[in-house]
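So, here's a batch of structures to check.
Note that chain A is present in both complexes that follow, paired respectively with chain B and with chain C.
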Partner chain A sequence: MSAPRPAERLLLAGASGLAAAVLAYAALRVVERAFFPEPNPALLIWSERSTFLWRAQESLYAGGLAAFGGYALAGRRPRARWLTALIATAVSALVLVALLAP
Partner chain B sequence: MSPATLQLVARAHAVVAWLATAALVVAAPRLIGRRRDRVTLAIAAAAALGITIAGGLGVLLEAAYRSQIRQQLFVRSPALGWLFERKEHLAFGAILLAWCALSTTAAARITREPERAKDLQRAARLAGITAAALALAASVMSAIVARRAHF
Partner chain C sequence: MRRAASALALGAILLSAAAPSHAEPGPEARVTAQQSFDRAEQAFQAERFAEALAAYREAVAADPSARFVLTARARAADLAAHAEGDFAPLARLSIVRRDPTKLRDRAVIEALARDVAAFPPGRVRGEAELVIADAWWRLGEPRRAVGPLEAVVADEAGDRLTRSLALGELARLQRELGDLDAALAAVERFPDLAPAARNEVRKLVRRGRLRTTAIALLAALGVVGLTSVVRATPRVGGLGEIPRALLPPLAVAFSLYLGGAAAVLVRLRGDGDPRPFVWLGLGVLAVFAVARAWRFGWGVGGPSARAARGVICAAGVLAAAFLAVERTDASYLESLGL
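Up next is the complex of A and B:
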């Protein structure tokens, strides 16, 4: 099987970066809940910084980094089974976070 | 942002989010099938763009939510407050997975290897269906919170 063409590799890199960003978002939320618990939201009048937006930014940054890894992996592995596994892992992590650590 | 503008943005956010959710739900069965035509790609692109615009409008509302609504929501009902927090997680995931589905669908269209095309179609299917499910869940959660909390 031939290696993917550059355009195909770029699309695979983008897809892997996006899936990795979802995984990073879930991981960041778990770290937040475990090590940096926020005050009771019912008692907190106002917060200067949005933890949601911060988490989203950081996870997108991590996804951007992972896209480089996805580009490299797409060149080394002609099949793309790893992408399905990555998406499944990311979705499972996000759903677990939404259910158990909102 | 004035209260009138805020209300306008909130309504636009809700309408665009529901339209994008509908587009994702329409695109999902096309991704399940073997058709990888331009119509599927166009619907997936419209859905990804729509849900991103809805997310952008949501970001505009974030400061107002944090300063005016969040505490009241948790005081009134912690369950509703946590439901809205859950909705934010799912909406973020839906946006990224919608683009992921579009990217893998496009890759499946251009690849010359049938085996790789199958793998990519499987990935597109998974990303597309989960994006639609997450967007639908997030939209329903928002509607529940808005209806019960009257904002």
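Up next is the complex of A and C:
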């Protein structure tokens, strides 16, 4: 299989970044529930910061880091089977978090 | 008949419960108590401590229900705890402690230090040493405060709270003087006296060791990088090609994102310091350049060589991350237990 074109590599990088962001979100949520429990936001009248928003931002940052790795990996392994595995892992993690630590 | 006897007994019980437990002091006793308290206060202000102690006790005995009894009891207890040497040491200390100009006078502090050496065991000796140490510290001679603080801490006859305070101050002073080993030795000598100060010093010592290790590792990586660059120069086509070979655009972009985006996130959050992340990005870029130079200079090598190179460079990234945080805003390390 020939090496992917730059546009294809960028697409693979973006996809891996998004999948990694989902995985990072799930990991952050588990860590937060396990080690940094906070009061139920539904019971609070007002909060200065939304932990959900920060979690989402940090996940997107982690996804951005992973996108660089995805770009580099796409050049070496153009079949991108790793991306399939990454997406499957991310979806599974998100489903598990939604069920066990919402 | 039986009902009448029961009613009588119940009445007697109620009457005894309603009666006061002790006799109320008469007007004369109240006046005596007030006069004793006033005399005690005057004696205390005039530093006639034995007279003050006796007068406070008289006041309490004369009218135990007076409004000033709590104050009188507390003053009497405090004076009794400082009564060693018939109050002579306390009077000597008070002369200096109550006058701010004396606390700024080197000759007065030196004279007090000479007198303290002859004080009998007790609370006053430790408190006087604390006053002396504090005075030297304020006078800009912190090294002269070490001796008095050590004397307080080592004084087994002294008050535990005073010794604990002195140990905390001694650890803080040694840290300010840059002698962390001395601070550690002091807190380890009396581990139960000031646990918070001990934990703080141990944490700083641990950080110091990690800092030394991180600097040594990064210095070793720098040497490896330099020798690798020398060897790699002819292989990549000359010195001019080195930057392009060692710093590909993807690595530079990654480092910029790693440091820059994290700094932006921290700024958005509003209460953090973005500098550690900027330094982390630069550190990672430097380690990446060393790794590339290593590969170009010494060849790719077998699997074990590649693994060793990877482990060492990963340790280099951790070292850079630690220094980036520790040198800029060490409060981030608290959350990691370091």
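Going forward, the second predicted complex is superposed on the first by the 97 of 102 C-alpha atoms of A that agree within 3 Å, B and C clash if a C-alpha of one lies under 4 Å from a C-alpha of the other, contacts with A are read in each partner's own complex, and residues count from 1 in each chain.
Rule of thumb we're sticking to: a contact is a pair of C-beta atoms (placed from the backbone, for glycine too) under 8 Å apart; a residue touches a chain by one contact, two chains touch by 3 or more.
This structure is a prediction, so every number in the text was calculated from the model and none was measured.
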Chain B and chain C placed together on chain A: clash or fit? fit
Which of chain B and chain C A:L83 touches, first, second, both or neither: first
*Should A:A21 be classified as contacting the first partner (chain B), the second (chain C), both, or neither?*
first
- Figure out whether A:A72 sits in contact with chain B (first) or chain C (second), or with both, or with neither. second
Request  = Name the contact category of A:Q57: first (chain B only), second (chain C only), both, or neither.
outcome  = second
Larger residue footprint on chain A, choosing between chain B and chain C, goes to B
Quick one: is A:V30 in contact with chain B, with chain C, with both, or with neither? Answer first, second, both or neither.
neither
After superposing the two complexes, the shortest C-alpha distance between chain B and chain C, in Å, is 15
Residue positions on chain C within touch of chain A in the complex are 250, 253-254, 257-258, 261-262, 265, 268-269
The chain A residues in contact with chain C across the complex are 49, 54, 57-58, 61, 64-65, 68, 71-72
In the complex, chain B touches chain A at residues 59, 62-63, 66-67, 70-71, 74-75, 78, 81-82, 85-86, 88-90, 92-93, 96-97, 99-100, 103-104, 106-107, 110-113, 115-116, 119-120, 122-123, 126-127, 130, 134
As the complex stands, chain A meets chain B at residues 1-2, 4-5, 7-8, 11-12, 14-15, 18-19, 21-22, 25-26, 29, 40-47, 50, 52-53, 56, 63, 78-81, 83-84, 87-88, 90-91, 94, 97-99, 102
